[in-house]
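Each in structure tokens, the structures are laid out below.
In the two complexes below, chain A is the common chain; its partner is chain B in one and chain C in the other.
Showing the complex of A and B:
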């Protein structure tokens, strides 16, 4: 059953990707500027302009450009796993995404892990003690944490923890510029440092991740705590908890039952937030000079770098679809009432 | 099927979680101290970005941070002697009247045959240890003529210099013609291992000027390039764009992560002596505020890309010095001659007299600018300030506006669309205060200006390709060739007369005629006289509206000195020392 479900979702996903590919391909070409002009600069002749236009393939009719991009009738293209070459760097888009995406995934994974570690107990505690100190803290934290954008918190944390207290490193990326980055194996700095057995680099990377993760956790925890709290309150008011209490089960056991019912919406929220933050963490990446996929996306959009924009949208969409698929599977594991259809 | 099991005792869980986080943080902090400051032989330089590519003809050649990386690796054919005394900020300034050989030891010119004989310096070694010879020059010229990459930058300057064989035919739609034109003929000849001859099709003094443009005319280490050529990429464009730029410059590439950092090691073979700073790291820190914080902490020694107001604040901070040069950066207005009402000279002059120059200098540039009085940079040879000049005179502006047919601005309301002052949105922090000053001043005399920030790429497209910017403000164009004639051909001569980027559709047959004479004038005094006249004409016509020329600035540790300026505005790290 689950195999059919997954297969069906993957097929649907492939169709969605195809539709998106076509939409993005045509939409970027409707942007109100010609990317060639940025390439050649002002110290260029009309001939240079034409040469640049030709080198990008923009002198071809749009449908020819599309077929080339898809790899239909040519040796390389999307169907052959080639996302084309960036118009700014001349490097393969796939390689550039491969360099920037793990940074964002690493940031997000640590951030969501810490968020869950912090937010779930706090949310449950808040639900268990309505109107008490923990609950009030959750209320004010929700207002406070969500009241400012993440880059503002990031800058504030840099000011406090780096500039004033001196306990955080300078916002200089994933690792101190004076240390050698571990040899690239997975692209995830912490993993690569462990694989290389370079613990100095490993701890330096953790140290550099400290403030960006804190920033993300600070902002993400608000909605997650609220979701846990609401879900727990709803679960605690449900019949099966009433029955469990009436049956004289221990509070520990009842809480466990209630949490299991309450966790599904939280996991859904975290999954959605994860997908959103793939591109949405750009400001945090910018504040801490992390060079993740968000920064790459912004640079590509500002440069009207069509291949990079198309590649980024495709990859982020693919990851989001994968996350939603995993969420559905996880949801069913948590809640036996969910049936694969 | 039990996917999640959370400990039920919440207080204990909270306590455990808190303790775990505290312990982990403690462990990390006890193991890792904040980044140690770079010392002695290392420089940490924070910039807005790092090079996106390194190829001379690559797609990112127009990006200043790309040029910053390239000038560390390349060695120019010729450069300019520095003046004995640095400027008021301690920055060494080039004397453009005194070219000095670098990769070229000397050169001769025969006006009869239009042949330049270039004598190459002997004993120059590349980062790979290869000796610089005529083969490297021939390879670099042949590659330039191949125009196979995104931007034929090297070809462009050689074409502009009138070098034989560097013709427009390389772009011919007829493939056979283009293929034939891309083969290096007898326009550039190897005489022996240390001598090259370059022949021009007509007398053109721009050749010497353009040879000093490092980012276009830098010479590649042909042996390394050929080793990295492939069947699909015989000129190693991918290698130069994405891996290394092998050359004979003061630094060698140690590592490079695009979008993150680039590291240089001093070239141990450099013929002028090994760089005082052995390791230089240029690190991307996008946030200006963070660049300041890190510089203040002492962990970085040099930053760039700040706004004038930020530099002004930095100037007052202990341990930090701000150095700047009023070199070749200027702010100017563009009024499109093809778009009424800007075809009206009186209106353009009215706007020139309504411009609040002093307010712009003080508010927009914190005093680190001065009024720009010509259309070429004041540091360039042949610069001629306009007499009597434009000054802020609202009464005179009103008179001119009335003479233009719009007393007190009456009648201009129908041109609301044309009076949108367009500028690059990404430069809002710098240009925002300036455009507001301009809007206020022009509104005061009845000109209905509104503001129109648009993305950089869109601005470039409208300026270079569509040429339909009615009223624009620009602070990012400079002629990279240090010559008034170069600027004339680039910006002001009409396309019919060989002009390249006449963004405001200015057409003046007399000016075109003057340029046709000056372009091939071998007598430099006569040439300068013509170029001076041309500047005056352009100022009278308000072809551009030069507003201010402002300082290119850097902030750095006060222990760092030796800053020098060159027209690319990219700091040469070789000159720096503690």
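Showing the complex of A and C:
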């Protein structure tokens, strides 16, 4: 049953990806941007313009361009797992995404881990003490944290912790320019440093991740705390908690039961936020010059680099769809009341 | 996948004390959001300096806090020969105070217009898709799904940067990306209304389907969208500012909060905090106000 469910989801996911590919492909070509003149400059001679247009393949009819991109009738394309080469750097888009995506994933994973460590206890405490100070704080923060310009808070943290207190490094990347980056194995900086056994680099990377993670946690905690609180209140009002209380179980045990029921919606929210933040971490990445996929997206969009833009949107959407699928499977494991159809 | 209802709708009712804090907060939010709306209309008339005209003293810090009462007195009695740079000046010599107060003209106009357009597109589509179920409306929903599966910020960046960086294009991009929210909300509400007695009754007295949809289903399906709009306006402000922060939104020297923070970002490392801190406080409080109002509406109308 679960295998059929997964297969069905993967199939609809593939169809959705195809629709998305077509949508992005035609969208970038419909918008009135001129990538050729962005590349050769406005003062280029008509011949140079023509030549650049030919080398980018933009002189062909749109349908031919599409077939080439998809890899139908040509030897390399999307269907063969090739995302074309960037118009700006001439490097394969897949390789560029492979270099930048792990940085974003690393930032997000640490941020969500810290967010959960902070949000779950606070949310549970708030649900257990309705109307008390902690509950008021949660009500306020749930609204506040979720509606803040994260890039500005990032800058504010830089101002406080770097410019004034001097306890954070300059917001200029993942590692101090004086240190050598660990040899690339996984693409995740902290993991690579551990694999290389370079603890100096490892702690320096953590030091550099301190403020970006703080910024992310600051904005992400709002909705997560709110969700933990709501789910806890809901679970505490449910029949099985009433029964557990009536049966005279200890308070700790009952809280554990309630938490188990409350954790499922929280995990769903975290998963969805993770998917959203893949493309939404752009601003924090820019503030701290981390070089993740968001910054790669900014660079590609501003340079009208169509193959990179298409590749980024595809990869981000594919990962979010996979996360949603994993969530649904995980949900069934946590909550036995879930039924697949 | 379907859930055996593990999620009853709506939050638990607030305890009494919390309700009081909520309403104090709500009053603040309404005053602040209202104030920013007034500034959007009249900001340019009341500011002491032209927001895009250099005062020729770049990077001037704001006057120290202890001088403010005296300066305020001078400003009120207008015995000062020169207007005061309350928030200092930025690296181009623009007056930060005037720019912060003029920015709602751009930020709020974009956010309100984008939200209004998104409702204008989304609600009719949602109504039709909810009231009439046929292959055409099914297809519409799939299109809406595809739009919703786009990564929002990156798509907005693509639409604005490739479409031409202007306020109009930011509005168009945001309304396209936010329309599916209203399609979904209206559709699910319209589907619920469809089976109500009044619809059957109108049909029995021979009203046309279109008339039933417009006269009876639409007014009853629009509520959740109106409640949602305050939250969407807040997010639209954040997105507008974010776009210009990465250089894919409105262009300098327009007074816009995100743009001001972006130009101020370089000064921060040098300790010149005022160019980015003041516009940031403005966005922070404005969006927070819209979130508080949205939350209050949700509590009031979602039962």
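By our rule, the second predicted complex is superposed on the first by the 335 of 341 C-alpha atoms of A that agree within 3 Å, B and C clash if a C-alpha of one lies under 4 Å from a C-alpha of the other, contacts with A are read in each partner's own complex, and residues count from 1 in each chain.
Please note the rule applied: contacts are C-beta pairs under 8 Å (C-beta built on N, C-alpha and C of every residue); 3 or more make two chains touch, one makes a residue touch a chain.
In this text, all values refer to a predicted model and were calculated from it rather than measured experimentally.
Aligning the two structures on chain A places chain B and chain C in clashing positions. When the two structures are aligned on the shared chain, A:33 is found in touch with chain B and with chain C. Shared-chain residue A:58: touches no atom of chain B or chain C. Within the superposed three-chain model, A:155 lies in touch with chain B and with chain C [touch as defined at top]. Residue contacts after overlaying the shared chain place A:170 against chain B and chain C alike.
When both complexes are overlaid on chain A, the residue A:6 reaches neither chain B nor chain C. Once chain A of one complex is fitted onto chain A of the other, the partner contacts of A:302 extend to both chain B and chain C. By the touch criterion defined above, A:286 reaches both chain B and chain C.
Applying the stated contact rule after C-alpha superposition, one finds that A:131 touches chain C and leaves chain B untouched.
Common to the chain B-facing and chain C-facing surfaces of chain A are residues 32-33, 155, 158-159, 162-163, 170-171, 286-287, 302, 304. Touching chain A in their complex are the following residues of chain C: 1-4, 6-8, 11-12, 15-18, 21-22, 25, 142, 145-146, 149-155, 157-159, 161-164, 234-235, 238, 241-242, 245-248, 258, 261, 264-265, 268-271, 273, 276-277, 280, 283-284, 287-288, 290-292, 295. Across the interface of their complex, chain C is touched by residues 5, 16, 19-20, 23-24, 27-28, 31-33, 130-131, 135-136, 139-140, 143-144, 146-149, 151-153, 155-156, 158-159, 162-164, 170-171, 230, 233-234, 237, 261, 264-265, 276, 278-280, 282-283, 286-287, 294, 297-298, 301-302, 304, 309, 312-313, 316-317, 320-321, 328, 331-332, 335, 337-341 of chain A.
Residues of chain A that touch chain B in their complex: 32-52, 55-56, 87-91, 96, 99-100, 114, 117-118, 120-122, 124-125, 128, 155, 158-159, 162-163, 166-173, 176-178, 181, 200, 203-204, 206-207, 210, 251-253, 255-256, 259-260, 263, 286-287, 289, 291, 295-296, 299, 302-304, 330, 333-334, 336. Taken together, the chain B residues at the contact with chain A in this complex read 1, 3-6, 8-11, 13-14, 17, 21, 25, 28-29, 31-32, 34-36, 38, 42, 44, 52-53, 55, 58-63, 147, 149-153, 155-156, 159, 168, 171, 237-238, 241-242, 257-261, 281, 283-287, 289-290, 293-294, 296-297, 299-300, 426, 455-458, 460-466, 477, 479-480, 490, 495, 500-501, 503.
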